[in-house]
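In what comes next, chain A is part of two complexes: it sits with chain B in the first one and with chain C in the second one.
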Partner chain A sequence: MSKLRLNGVSKAYGATLALRRGDLEIAGGEVHVLMGSNGSGKSTLCKIIAGSVRPDAGQILIDDKPVSISGPQSARAAGIGIFYQELSLASHRSVEENICLSALPVKGGLFVDRAALKARAARYIALFAEVAGEGFHAEALVGNLRADQRQLVEIMKALASEAPILIFDEPTSALDRAQVDRFFEILRGLKAQGRGIIFISHRMDEITAIGDRVTIIRDGETIETLKLSETDPGTVIRLMVGGASDMPSARSSAPAVAATQEEAAMSVRKLTGKGFRDISFEVARGEILGLGGLHGQGQSALLRAIFGASTVTSGEVTIGGERYNAKSPRDAIRRGCAYVSGDRGRDGVISGRPIIENVTPIHYLRDRLMIARPSSLRDKAMPALEAMHTKFASLFHPINSLSGGNQQKVIIARWLIDRPDVLLLDDPTKGIDLQAKSDLFALIRELAGEGLGILLYSSEDAELLGNANRILVFNGGSVTRELTGDDRTRYNLYQAAYEAA
Partner chain B sequence: MRSVALFLKQPLVVALVLIVALLYLGESLSPGFASADQILRLLIVASLLGIVAAGQNVVILGGREGIDLSVGGVVSLSAIIAGNVMNGADSGILPAVLACLLAGAFFGLLNGLGITLLRIPPLVMTLGMLGVLQGLLVVIRNGIPSGRAAPGLSAFVTQPLVLGVPGIIWLWIAIGVFMAFMLNRTVFGHRIYAIGSNEHAAYMAGVPVRLMRIGLFMISGMFAAIAGLCLLGYSGSSFANVGEQYMLSSIIAVVFGGTSLAGGKGGYTGTMAGALLLVILQGILTTVNIDESGRQMVFGATLLLLMLFYGRGRAMRA
Partner chain C sequence: MTSTTTDIRSSEGGLRSWLERYPFLPALVIVVALLALNGVFSPNSLSFRSLTGLFSTYMALIMLAIAQTYVVSAGDIDLSAGATLSLVNVAIVILMERWGGGAGAVLLALALGVLIGLACGLVNGIVVAALRLQAIVATFATSIFFTGLALYVMPVAGTPAPALFWRTYGGRLLSVPFVFYVLVALAVLLFLLSRTRIVTELLAVGDDQQAAYQTGLPVVATRIKGYLLCGLFSALAAFCLTGDTASGDPLVGGKMTLYSIAAVVLGGSALAGGWTTVVGSLLGALTIGLVNSLVFFMGTPSEWQNFVQGLAILLVLMAGVLAGRRARA
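What follows is the complex of A and B.
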């Protein structure tokens, strides 16, 4: 008998198929691991089970009986509890209230039963008493807790649902070793009670430590379910990556580093800051250095810190042999550094203002301009915009009149009027169309050819494999592997990304 | 047809149409309201307001709920400083101008530092500063009016200078040209709009956001100081809280002129029309014998109405 079964579940958002075909079977008393790369459909699958997304087709059975899950409430009623990766806590309320939030004990049909609430919460707090760390107690406000402690509260909240089926979507990302061990002990206890547990993690060591079976999802389809005791990490990763995983990325697309340009454009020594630690590397002039790994492993944090937008606690950055360590973006720009963010709404677009004012701010700073003469600015802006194949009617139209891809091109053009020495690209193609992407990478390779040192972080592996000369794989805030030459394969990239930090 | 409708929706056009309508209304209520002499007088009063509103305008354009509630206090303080420094002598005009500008810049600097370094919201910081200034006024004056305007200053404000138009109106026009140039043709101006519409993007593009913001409050303080000096010239001597009314009316003039309270959108030309409009409205209210408290009520209601018209569908803290 299976606890939970999904038959041919699918979900499309407009023309995009988020989940093509999901087949899944969870037995009572097992920890079932879901694995797949970013955007493979894991989260959609979990959301369908938890009721926050309604499937277009397919069947869900609980205890072999078909059920219809119409929303989070009905999922809870059907016996499903979920740990949300993007924590769902009320930061101004106490730990105990958060734990009981989804089902507050009530007396007299109206008032919260404080005593019952305390007693219930205390049970779950006690589970982690030895590992929760300083300042963690029932009355503490969630907003004052550390990231790992907040994650523990979310775990407790999921446990407090006492649901027969529990989903944990990356529950361990902020936890330390002892906390993870304690959590796994608890999970084993739940297994013994016969509950069905779905577990998502990107750490191979955790998966082999706690998982019984694994289902691999690739491109929105559940590929295969294996017993973890009868397989090895290599097989799992190979299934996740799909065909041609061992093929080195096409060399022709990435220009080789010219022999004459051996001097480093930028070198980073033992750099440590919020979200990354002890990072060392050199980027040669003309080189595209890729930063790979799963999302949020310190790549963006490192780029922002190099650009002076967040603080560096120790270590050194040099540009052209000179100590650089930027104190602010302004400082970084003055010393020849450029930073293109994928989050253009927050970091890039000056909304409501003309295109020309969106292209020129870096030029103002680097040329120490005081007066903004439209005619001379136009001569500077046009070549940069044309290099990006930007489509626009007039420089004086507001930037909001352009499509997302064209807005991003304007933002990139901003950095190219006066050539920087080092270009930091932080997932620069997020949310732009294919044509714009290929235009952008053609330009990036051209810029490398001109001798810029380029750091490229991308959430799309194909972009890294197709453009970077070398790839540093990030895992848990540090570089765990460097891929060069023929080692630049999807398989190696995944293996390094998923292995234990 | 659509373009005509669009044209009529431009805040500046709305303001100009209203100005003509109000002048007509004033003239029909009290013949002579729209005579040349009267219009010149209205323009002088509007110049005083318009100068204060220039500072208010840049602060509001700079965004992050930028607003300067202390302008009224700076106007009053500046009028007293000017009166005491020149004390009726033309030779004292230049030192008075410098002293006033210095005082305005100083209080603007304090506002700017409080807002950027101590992260006090502009509304609270400048309201607190207004309280400090009002207290300071009581202390230095001890309730007794003091200081007189120099004849040269009074003439500049009230007597025809060129083409029968008093100097202060020329000054206002010059400020209008200067503001238009600064906002549209200088890097500083572009940066004001940049921090007003997306502060974080501006920071990432190397705009010194804090320094800019401090600068904007200093500009506001200095414009208020100039207005205080001219106000002394207009009234001859300074009296208690002479600048009080400018807090609310400068904000209304800016909003009337189409500048968004959320920042990043608008300009000074509209503000000039807004200032003129308010002064005419004030004239009409006086003509029909509505006293100061009644006028304040009408002004307050006007601001709320404007927010309703211009602010619809746009959150203040966008």
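What follows is the complex of A and C.
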């Protein structure tokens, strides 16, 4: 008998299929791991079970009986508790209130039963008493807690549902070793009580430590369910990646530059800041250095910090042999640093303004231009835009009239009027079409050929494998592995990304 | 070195935790300071008699600020609170007059007034929470609608309230001014409300609506209940106003709405929701009252009074914000 079963569940957001066909079967007394790469549909699947996302099609059965889950409340009534990856906490409420929020104990039908609330919360707080750390107590406001402590509160909140089916969507991402160990002890206890547990994590060692079975999801589809005791991490990763995973990337596309020049364009030593720590590397002139790994492991944070958009706590950066310490993006731009973000709306496009204004702001800054003359600016802007094969009607059309890909080309063109020394690319192809992508990478390679040092972070592994000379794999804010030459395979990239930090 | 830094942190943490427990402390300091200033310019203003006057004049604004606080808790706002007050004000005056102004008539009219306030709150709640219209615009529209109703009930201001009603409000009971009984009853009511499930849920919804929904809280119902509480307290505000002015006026509440929002912010609540204090709102309303009387006692020429009032409220707001920021930094 299965505790929970999903048959052919799907969900689309507009034209994007978040989940194509989700099948899942959870037995009582097991920890069932969900695995899949970024955006494969794991979280959507969990939210469908928890009622916060409504499926377009498919069937959900609990204890072999079909149920209809209309919202989080009805999911709770059906016996489902969930840990949300993005947390579901009220930051101005206390720890104990948050733990009990979904079902506040009431007396007289109206008033919160403080004593009962305290007693109930205390049971779950006590579970983590030794590992919760300084400043964690029942009356503390959640907003004042550290990230790992907030994650513990969300765990306690999920546990307090006392639901027979528990979902944990990346519950350990901020926890330290001792906290994870304690959490796993608790999970084993729940398993022994016969509860069905869904567990998502990106750390392979945790998965093998706690999981019984694993279901692999790829591109929104359930691929296979395996017993973890009868398989090995290699097989799991191969299933996640799909076919042709062992082919070295170098054979599928030529490396960007045959031989990089010796001179370093930029070197980074022991750089530490918010979201990353102790990062050291060198980018040679003409080299494309890839930053790989799962989403949000410190790659973007590092690029933004180098660009001066967030603070660095220690370490140093040198550009062209000169020590460099950007305090603001303005400073970084003057030193020859360029940054292109995939989040065009936030970091790139000057919305509603003509294309020419969108191409020239960096030129203003680097040339300390006070008065702009459109005719002379046009002479500078046109070659840069043409180098990118940008399609546009005139320089004076608003940038919003262009497609996403062409907008991104305009953004990149703005850096090409005055050549930078180092180009930081933060997932630059997010949401742009294939033609624009290939134009973009052709240009990036050309720029590298001209001697720029390029740092490329991409959430699409194929882009890294096809273009980077070397790949640094990030995990939990630091570089865990460097892939060069024939080691640059999809398999190695995944394995490095998923192994323990 | 390490020990000194931890000492500093713990003392700062002490102030911070005090502020977290009693977010109205800066507002209290400001009220005390304003009282002292009032005393300097006019020692008589601190007499028991003047303070009674202060409370009976500003009790309506206090109630309205508290009404506003409950919707602000859930991250909403009510621009129709003042219009609700007007509507209840004219309705009860007309009803009391029709029914002869006896004790029974007064009580019955008050009961109906509460119902009218609740009905206005329900309309707002349905429009904002269930139909998902923007709170600012939707309640602005309902405020015009409620004002229209008030003008229909009483086209011209001036119908007097029965003497029994305003004599009770302005009078004394066992030689204690009646308004202090109102204050004590209000304190008890606020204390009880602060213990209810609905207030905790309102704050959770205001904190992060998506999180509250995912937690399984009934977000729409909770926001509607917030507007119901707002309607209730707007009606109570109308009672106090009627007691103070002893007459009906269909436009009396309009300008009080923004004062009530100012009082909420002066009291230390966050307009974004999730972090509010009803005691602070009470003090915020008193702050506005004290600023007004201070401007008067300072002998400001009448044509400059508005200017100075606005400036003074701005200064108080800045002082409160700076104090809060320093404590939180």
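One rule holds in what follows: the second predicted complex is superposed on the first by the 486 of 501 C-alpha atoms of A that agree within 3 Å, B and C clash if a C-alpha of one lies under 4 Å from a C-alpha of the other, contacts with A are read in each partner's own complex, and residues count from 1 in each chain.
To be clear about the criterion, a residue touches a chain if its C-beta (ideal position, glycine included) is under 8 Å from a C-beta of that chain, and two chains touch if they have at least 3 such contacts.
All figures in this text were calculated on a predicted structure; none of them were measured in a lab.
Asks: Aligned on chain A, chain B and chain C: do they clash or fit?
Replies: Overlaying the two structures gives chain B and chain C room side by side.
Asks: Counting only touches as set out at the top, which of chain B and chain C does A:353 meet: first, second, both, neither?
Replies: Only chain B; A:353 stays clear of chain C.
Asks: Examine A:111 and indicate which partner it touches, taking first as chain B and second as chain C; both and neither are also allowed.
Replies: A:111: touches chain C, not chain B.
Asks: For A:178, using the defined touch cut-off, is the partner it touches chain B, chain C, both, or neither? Pick first, second, both or neither.
Replies: So A:178 meets neither chain B nor chain C here.
Asks: Considering only the touch criterion stated at the top, classify A:89 as touching first (chain B), second (chain C), both, or neither.
Replies: Once the two structures are laid over each other on A, A:89 reaches chain C alone.
Asks: Just checking: does A:129 make contact with chain B only, chain C only, both, or neither of them? Give me first, second, both or neither.
Replies: Neither chain B nor chain C is touched by A:129.
Asks: Check the residue A:371 against both partner chains and state whether it touches chain B (first), chain C (second), both, or neither.
Replies: A:371 contacts chain B only, not chain C.
Asks: Aligned on chain A, what is the least Cα gap between chain B and chain C? Give it in whole Å.
Replies: The answer is 5 Å, the least C-alpha separation in the overlay.
Asks: For chain A, which residues are in contact with chain C within the complex?
Replies: Residues in contact with chain C: 50, 52, 71-73, 75-76, 82, 84, 87-93, 97, 101-104, 106, 110-112, 114, 141, 144, 157.
Asks: Tell me, which parts of chain A touch chain B in their complex?
Replies: 307, 309, 328-330, 332-334, 339, 341, 346-353, 357, 360-362, 364-365, 369-373, 414
Asks: Contact residues on chain C for chain A in the complex?
Replies: Interface residues on chain C, with respect to chain A: 20, 192, 195-198, 200-201, 203-204, 207-208, 210-218, 274-275.
Asks: In the complex formed with chain A, which residues of chain B make contact?
Replies: 185-191, 193-194, 197-198, 200-208, 264-265
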